[in-house]
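What follows is chain A paired twice: with chain B in the first complex and chain C in the second.
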Partner chain A sequence: MQPALSFEQAPPISVPYRFFLTAPVFGAVAGLVLAWFGPVALQSRWSPGALAMTHLIVVDFMLQAMCGSLLQFVAVVAGNNIWRPHLVASLVHPMITAGAVFLATAFLLEQPILFLVAALVFAAALGLFLTVMAIALLRTPARGMSIHILRLAVFGLLVTVALGATLAVTLGLQADAATTWSLLAMINVHVAWGLAGWALMLVIGVSILVVPMFQLTPAYPDWMTRALPAGLFLILCLWSLQLFAPKDTVQAWQSGVALAGMLLAGAYAITTLWLQSRRRRRLTDATFILWRVAMLSLLAFAMSWVIFDLVPQLGDHSRAPLWLGVLALPGVFLSVITGMLYKIMPFLNWLHLQQQGGSAIPPPNMKQMIPEASMRRQMWLHITALGLLLAAVLWPALASTAGLAFFASCIWLEWNLIGAARVYARFRDKIRAAAVAQHGTPPI
Partner chain B sequence: MPEQRLIDGRDLLPPEPLQLALEELASLAPGEELTMLLRCEPLPLYSILEKNGFSYRSDRKPDGTSEVRIRKA
Partner chain C sequence: MTLSAQVLPAHHRHCDDLFVDAEECVQRGDWAVAATAFGHFHDQINTHFDAEETLLFPAFEAATGMSSGPTQMMRHEHEQMRSLLAQLEAACAAHDGEAYAGSAETLLMLMQQHNMKEENILYPMCDQALGPQAEILGSKLDAMLEKGHA
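Let's turn to the complex of A and B:
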């Protein structure tokens, strides 16, 4: 008889799942926004449609998925329990969701008051989330590079939120932000910390553990796990100096700092692709391909940046930032997140069902949690949508088609994730029913 | 001489090593030792062992392998 083992490190399954199940819904809304606005949304990065789409993806899709993952990951990897994860999730999740709706609507309708509301809601939600995560990560007895990188990522989120809230308040009050800092410099620094200091740093920290573990690759070289996050952090600090440069001037050193960042990002992408090519079992599942797509997108992002820098006729084009945005958001981050969700949810299902049922009612096999064929088809739709989005930046007439493809891909992802949650619920109910039949009480 | 049990989880996908460990732990008699070879520190497993009356010792080998030796406390 298998002993009743305890898995107290893991927070309740509803903690991460509420974030995971919300994320793709807002990706689908972003797709609808593009389909509705069509080519107008792709005129420049400053169009209301482009700003709304961008924030629906980064704040709702990415932030939701990353907050959920971090709550789960830190609890298990850092080896200590996060303070009241259920309460934190119950407060943070609805506030982020509401904040994202306010922010996207503020961009679409250009309503100043909504920017203020969004800033207030995000400051409260992420203030709580960051405090809890910072305490857990600073107090953990666990060591290792992943923990250090997660700390840097949480700091990156703090800077992103602080600058984002300041920008939203500036827009909300219709104040002249240029009184202290140049608005463009604030946006540049906000975007860099959000994409590189928070999102990419988190992906790097997680990949050091999960790429070798779930894809059976060799480990990342030790020097790289040290140099990469430290270098990225240093580059972001240097990049932030533009806040203090004379207003509305582009400093020559900014270009050099950005190029150094692209070199680091490219080195990380190439290393990951190289490790994947040396995996010990020739498994080519959806997660593996999605990570590959993400790393190729990151490489394409870094190369495009360098080309835009060398050829100003291209770099100065109003749609150049949109090209980079598509490569970074659906290309790098949504590919990684989708690939990880396809591993994390089956794994969490298994872990929690194992805890409840033990050997009496063993959990279903990992492969039964989400059908592989459905994951692969959704993955190909995601890749098609990514291709169409890139094509739409070049030929905006394709915008609505690309938006609909992206909408369909997100809805399919949602369907797959709901399927995994339903498998969990079905087996949990079976275990409870068996316990009631045997002892008269359900397991806790 | 107590029986030596070994799980080489280095080329297994999660949660297979944990799954095999749970099966072995269920029948681990006092004095018996279970050795696990893994490519990472199995923190969730440590928590399970501590809370269920097992003692363990973990060593990091030069090739990066974690060798975890488990006994009933």
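Let's turn to the complex of A and C:
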């Protein structure tokens, strides 16, 4: 079997697009939750508003976008061995969407039954998604670091979902469960695998490919592409050992393991910023700036963690985890995802239209898919919202303003993405009409 | 590493540099210099396509008997890039900075993912399939392509 070189291996455009077009909508809902609850939502990470917002962002924004990208990316990188991508997308996409709504509502209304429903829906949706991905990634003839990192990321998602579903069932049954494991340790491990084992691992895998590609920077050093994922994985395994520690004790070694993780994350962020500063293509676009914002946020996250660890008066504050959460979610991950969507959708549009129309009807170029000015303005609004969210952690009176800014930024992103999908549909119809006029039959 | 796996990736980097030179001239609005810079880039990337299509791919196809496999896909992507290059040439002639920027962005994405596929998959396959022949072919390719930075 030959490794992937063929366009035919890409799934139909509707497979990734349904995920991409859903993602920002729930970011907007998260913004509304914050605007509605105001300062109460920012009292601590355990407030119903904070928990609901967090899960709307991580599951419905991040997970949607990442699942859509993976279905596209793995099909091309690993060869055409994803089992029926269209069917998988048709099942997984509505289930993730519904599951996130159940979960967010469960947190907001504190309804145990909804936690059980959410756990069930996620277990089914992600069970299917992970099985399909694991088979594709394990059976691919393709080799290389990116395949290896994708495998680790998919494993990270598996651990996150397994622990998340267990937590949801625990909350749903209101069992002061954790007869074996402490609830806090389970949450710590669930969050770490979700943010670092799945999301950051995926970002690392993607950055190794695309950072040099978009701006013509030097490649990441070889040793780093090996050490980063392996180191991150090892740190997460060590961090998970707290599950087996005596209940409700904080182990001294936990802090050391976390610091090693921060060192690694910081080193990755600095390397990426350094590579970008050595880019041969000086042109700056929204994607480039958003990658920089993400890496600066990651650096700020790692530094804040270290400071919180060294200065317990700061670290023990109930809003300290919210500061970290804002840096990680809108700061690192939504910035990267937005930047990537601004490249992926115009390019997929072009590729699919070019395939349909050939050179007889050349498609619009990438910059005609989403207006540059609109991407830039949305990017500045995203950065403003990020700044306001951080400010609202310090001065909760700003919570509603920050929520509205974040809502507006997500809606604008959605508008830009819908615009790209409409350009695609319009031009596809034009190609079909031309084919009908010429041959009397539409192209396949 | 054999010559064909060294020569062609190095020339990819060279073409990248020429692409950037031309794009920067267009961004500055320096159309006189841009025309020369684009001409140089266009000439080199065409030579690269020709070198692959007339020497490397036929040798690979003869050695493996695969004529509808990866080389066909690479030829198809060359065609896609040629059509974008024609758009860039027209934009350059019309001094249309916006059209140039859009086609350049598209070409860059296509070119980079094409290079990645060649460097990670096709060239290693060529080296393996061609055996000792690879070095001779490498010298021939080397002679066709411009070396170093202009």
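Everything below uses one rule, namely that the second predicted complex is superposed on the first by the 437 of 444 C-alpha atoms of A that agree within 3 Å, B and C clash if a C-alpha of one lies under 4 Å from a C-alpha of the other, contacts with A are read in each partner's own complex, and residues count from 1 in each chain.
In this section, a residue touches a chain if its C-beta (ideal position, glycine included) is under 8 Å from a C-beta of that chain, and two chains touch if they have at least 3 such contacts.
Treat the numbers as computed from the prediction; the structure is a model and nothing was measured.
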> First (chain B), second (chain C), both or neither: which does A:Ala433 touch?
Replying inline: neither
> After superposition on the shared chain, which partner residues are touched by A:Gln354: those of chain B (first), chain C (second), both, or neither?
Replying inline: both
> Counting only touches as set out at the top, which of chain B and chain C does A:Ala219 meet: first, second, both, neither?
Replying inline: first
> Touching A:Val311 in the superposition: chain B (first), chain C (second), both, neither?
Replying inline: neither
>> Once chain A of both complexes is superposed, is A:Lys367 in touch with chain B (first), chain C (second), both, or neither?
In response: second
> With the two structures laid over each other on chain A, which partner does A:Leu109 touch: chain B (first), chain C (second), both, or neither?
Replying inline: neither
> Is A:Arg281 in contact with chain B, with chain C, with both, or with neither (first, second, both, neither)?
Replying inline: both
> Touching A:Ala10, do we find chain B (first), chain C (second), both, or neither?
Replying inline: first
> Can A:Leu209 be said to touch chain B (first), chain C (second), both, or neither?
Replying inline: both
> Which residues of chain A are in contact with chain B in one complex and with chain C in the other?
Replying inline: 2-7, 142, 144, 209, 213-214, 216, 280-281, 283, 347, 350, 354, 359, 366
>> Looking at the complex, which residues from chain A come into contact with chain C?
In response: 2-7, 142, 144, 209, 213-214, 216, 280-283, 343, 347, 350, 354, 359, 362, 364-368
>> Could you list, by residue number, the parts of chain B that touch chain A in their complex?
In response: 11, 13-15, 19, 22-23, 25-26, 39-41, 43-44, 46-48, 51-52, 64
> In their complex, what parts of chain C are in touch with chain A?
Replying inline: 16-17, 20, 23-24, 27, 69-70, 73-74, 76, 79-80, 83-84, 87, 98-99, 101-103, 105-106, 108-109, 112-113, 116-117, 120-122
> For chain A, which residues count as touching chain B in their complex?
Replying inline: 1-10, 76-77, 79, 142, 144, 209, 212-214, 216, 219, 280-281, 283, 347, 350-351, 354, 359, 366
